[in-house]
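As written, the chains take the letters A, B, C and D, and residue 1 is the first residue of each chain.
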């Protein structure tokens, strides 16, 4: 068992899936000899050859559409989009085709593809490189949306995504690619695709996060603990379908919650979480549901990025305010 | 080395084998000397046109949804499909009823689909063929994916993708052609250039002199074929598919034809084009052309024609009746194919499909 | 003053805007001699000529990108997408460019364009013709999203959208194009772009809807009135920015609400409305927030459409349930 | 009429005016006989290269963001921009620093942009030029919109759009070219074919023998130019722009050059190409080529070179210092340009930008 970074565990899961199943293909821009701009596909070309690892021309729309055709033919394409800011040309193929090929043909054809990409900010990247597109995808029936927040969860969730018979959007938090190392066993064990992870129990308040915000929420919980506030942390991990049962169970216990979202506030995934609690957990609430998310502005250029992103300090402050509500 | 030199040269050829009178414009391909093969093409075009008329009639009386007629373009669809091997894969647009029928999609399935029932896409016959693509041009990429699958599995199969003149303006099509070129994919693109994209004439779609030359951008060969000449269509497609299956790569065929009908039953073409233009194009239409050819070759006569029309009408009527007698599915079927299995997390949502509570109304 | 259908009032507003401002252009597929597939642009070519009304090649991505360039140059392009199911290729241009050109250049360039299209179901159309894409757009900073629900509101809101200095997505409920007629004065008066319309006061419960669901909500309110339930109806109309003040004020009075959404439930705009109430109006709630929306399935083919769409009966039933909560 | 005939023919020409030694390969255009014009091109290329080196140095020391070097491709950007009239509009990709500088974007603005400050896009000079486009190829459509604006206003202006060889695979570019063709737009596309799209070599990008032939799909002329020959670049672009402004329509220029640097400062090109390949291409690079030409014509010598390098270094250093001394804006500026005016409905959101409450931390 090795201590791996998140990007290494993505690489490990890809290699594992390819070794296990000859139908699994990797394709995308620079995924071959370059090993991907973040090295997520490093070594795969050498190991599996150019018929399993395909460097594509520069065409995201095309990559998505190709994957639909490959998947309909029984392959399990795992396509990489270089940054989530370049996934928008794929939306038409994902919405109009990938997510509904099974529905349209009453199961005759299906689309077991994975579209994986780095997502989110925190790396002071140039414009268009810090997007959080999860909410768009989480509104598309027929799709699954998965966002791992640790190396081990990345491994297990990516294996599950690749094995799933339906299309999966797999968003890898760029800022976590090399942030921490974790022991990851290459045991081929997938994680469930519809289960949130309760990372830390908490009696007083529940912090709900996903992707790059999870470590911030955990840090905030530490801070709060030192102040005598017992905050629990949930990593949603699978954003579609969303495991509201876990969320509702935790929030029912604490009666208070902060939903942490990196994307601009309006219409983000946090709204769905809040709505789900408001519909089914209202009676247990001791304080208003709190969403912590940046304003409705475009992710700023790097110099102002820190002022844009939610962080542990802001999460802790929001939790304190929510605790203060009576 | 001079300051300027030619770096590359291209040309686009045009082929017609039967003229508008059905006379051979030169030597015909082998299959055209086989009476059974010619009659099969003719029957398929007549069936397509009969289906078309019935579909329009059903739509006009509120028993079918908006429908896209293929009137006048039967040779494109039938000729191309007739060139396919059974295990090739068809990735069609929405005006290739003739191709779908040739491939084994049933009349009943076609009626169901156009009648608003997804079971019409669950083809019992060509299980790997794609359903029609309503978003124009977006399916060209699926065809590239399918062709790539064949290539990666080292199968001697090819994909055939059909779309309209309007579709050639879409970036999806350009990307698909580029993939097909750079990876030498076994993929034949057939452009049904019927002169119009709803109200937009071909000339307003692109300054390209031919649409076949879209292929040049992708480094693959492109040619024009008389799309009202089913023999030329089948011959050109056969050659392209054979080359593709043999590893020779992709090919573009621009079929020059004409949309004799409105765009769909929701359209009124008289708003944007003259009756005179349409009448004139009737002289070129493919069904009469092949009939004249068959007659000239002594393979067809009035009796054969009447028998065929009679038989075809009966077949189509029967399928229409069966369609009309097919009840809609239960609402819950909507969720049956969203995912391979409906997610447990969404279990409660299915209550939506329960029958409405009796005695209440809004 | 004439009694107009919604599509006629769209046409009237377009003509008015073009007459008032030479920078206004109309472009799209079949918008010229054909007058648009729904006739929204009927007569504009004849009146304003081919330099103001442009039939484009069949290329939605291109139409959106062209509009960005035209708008940056000071034109006010009003682009038509034939059906909202074909707007997905535009997402890249809207998200990555239109909505952020002003931000990126610190105001040096801007993007006063309107992308208008029919949206929603209820007309038994073939697949891909009944999409409700509002939630995707409502998550994009820098954009406005507007959905009129009556002929008069269509006129005033479209004028406002065209005059607005920023990009606006204007979704016209297809099912309402010819459903009713209303007196519409061609007075050139725009409606505000950040105000919800409280269409009917109600003491007991608030029905919140937009687009094609508004008439259904009004019909449900009639039914409920006959049963002694006084239901108010809000037409949100401007979905981004969203006028939560009006919503909160109404819900504060009634303490109960049903949010009606035509799009599949998860991640729809209704989630944002629910989240806004849960954050700021929790104390006033007498019952859980109720979202009424179809399950997370692809809009079915026409034969099953009725079983998919929310309607007055379902809205009334949801309102009764919410009223029954104690 | 025979069964088959040629329907259309195309060719792509290649032009180089200076060979790698800087010797004229034939008669030179008028401007090349004007010493001031040639020296201006040279100075601009040197300035670009000096800026480039400084940007990389700043990035390496953590004082600039990821940066895309234009090393070896200076002639493409400078030659094309030098052909523009001031009121033409430049719609660049991210590797055309030389074009931006020629147009009047300041070094300070460039440093700000690459340093992560949007004020760098608020050009004081060319107010109508677009900021660089990070999403590859997506700006080609903006250029079409800009060119359409010129045409609709009957202005004798043109748009110039630059992108890479990789970008030619994108559907946006195909759609933009098609618009430019069918509407005869005053628009010149310059393809900076530097041989690579990150790790993907030109040959893996498309089977097209030339990228100039992407134009054929749109019915517009396409040509290849030696992109390391700034004289040929300027001449070809000048001719194309003049034609465009005169109503003659769009044009595609494929500039053949080479990316001598890594893709960006985040890239390590040694993973996918050999040093030998790179060394070999140094022999063709544009700055030395023009210097040799100037020297051959007696217009340049060692003293002039040293003076220029000295002056350029000082200019760049000064701009870099000014950039480093420019404080970041207040957080609230993030909301200043989201809309023309921040919507009242979102007023409360701005609290996010208030300074963090003192004494608390996370």
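Keep this in mind: contacts are C-beta pairs under 8 Å (C-beta built on N, C-alpha and C of every residue); 3 or more make two chains touch, one makes a residue touch a chain.
Fair warning: this is a prediction, and the values are worked out from it, not measured in the lab.
J.: By mean C-alpha coordinates, which chain is most distant from chain C?
T.: D
J.: As a quick test, compute the distance in whole Å between the mean CA positions of chain A and chain D.
T.: Chain A and chain D have C-alpha centres separated by 35 Å.
J.: Round to the nearest whole Å and give the separation of the Cα centres of chain C and chain D.
T.: Comparing mean C-alpha positions, chain D is 40 Å from chain C.
J.: Just the number, please: Cα centre separation of chain A and chain C in whole Å.
T.: A distance of 30 Å separates the two centres.
J.: Where in chain C do residues touch two or more other chains at once?
T.: Correct list: 57, 59, 61-62, 85, 89, 92, 96, 103-104, 127-128, 141-142, 241-242, 295-298.
J.: Which residues does chain B have that touch at least 2 chains other than itself?
T.: 118, 135, 169-172, 175, 178, 182, 204-206, 338, 346
J.: If every chain is a node and every touching pair an edge, decide which shape results: line, ring, star, complete or other.
T.: Per interface graph, the chains form a complete graph.
J.: Of all residues in chain B, which touch chain C in the complex?
T.: Per the stated touch rule, the residues are 65-66, 113-118, 134-137, 166-167, 169-172, 197-200, 204-206, 266-267, 271-272, 328-329, 331, 333-335, 338, 346, 349-350, 352-353, 356-357, 360-362.
J.: Okay, in this complex, where on chain C does chain B touch?
T.: Those in contact with chain B are residues 29-30, 32-35, 37, 55, 57-62, 85-86, 89, 124-129, 216, 219-220, 223, 265, 294-298, 300-305, 307-308, 311-317.
J.: Which stretch or stretches of chain C touch chain A in the complex?
T.: Touch residues, chain C against chain A: 61, 85, 88-89, 91-92, 95-96, 99-100, 103-104, 127-128, 135-136, 138-139, 141-142, 240-242, 263-264, 266-272, 274-275, 277-280, 282-283, 285, 287-291, 295-298.
J.: Which chain A residues qualify as touching chain B in the complex?
T.: 25, 51, 56-57, 59, 61-62, 64-75, 77, 92-93, 96-97, 102-110, 141-142, 164-166, 194, 241-245
J.: What part of chain D is in contact with chain B in the complex they form?
T.: Per the touch definition, chain D meets chain B at residues 1-17, 19, 25-27, 169-175, 178, 181-182, 184, 204-210, 212-220, 224, 249.
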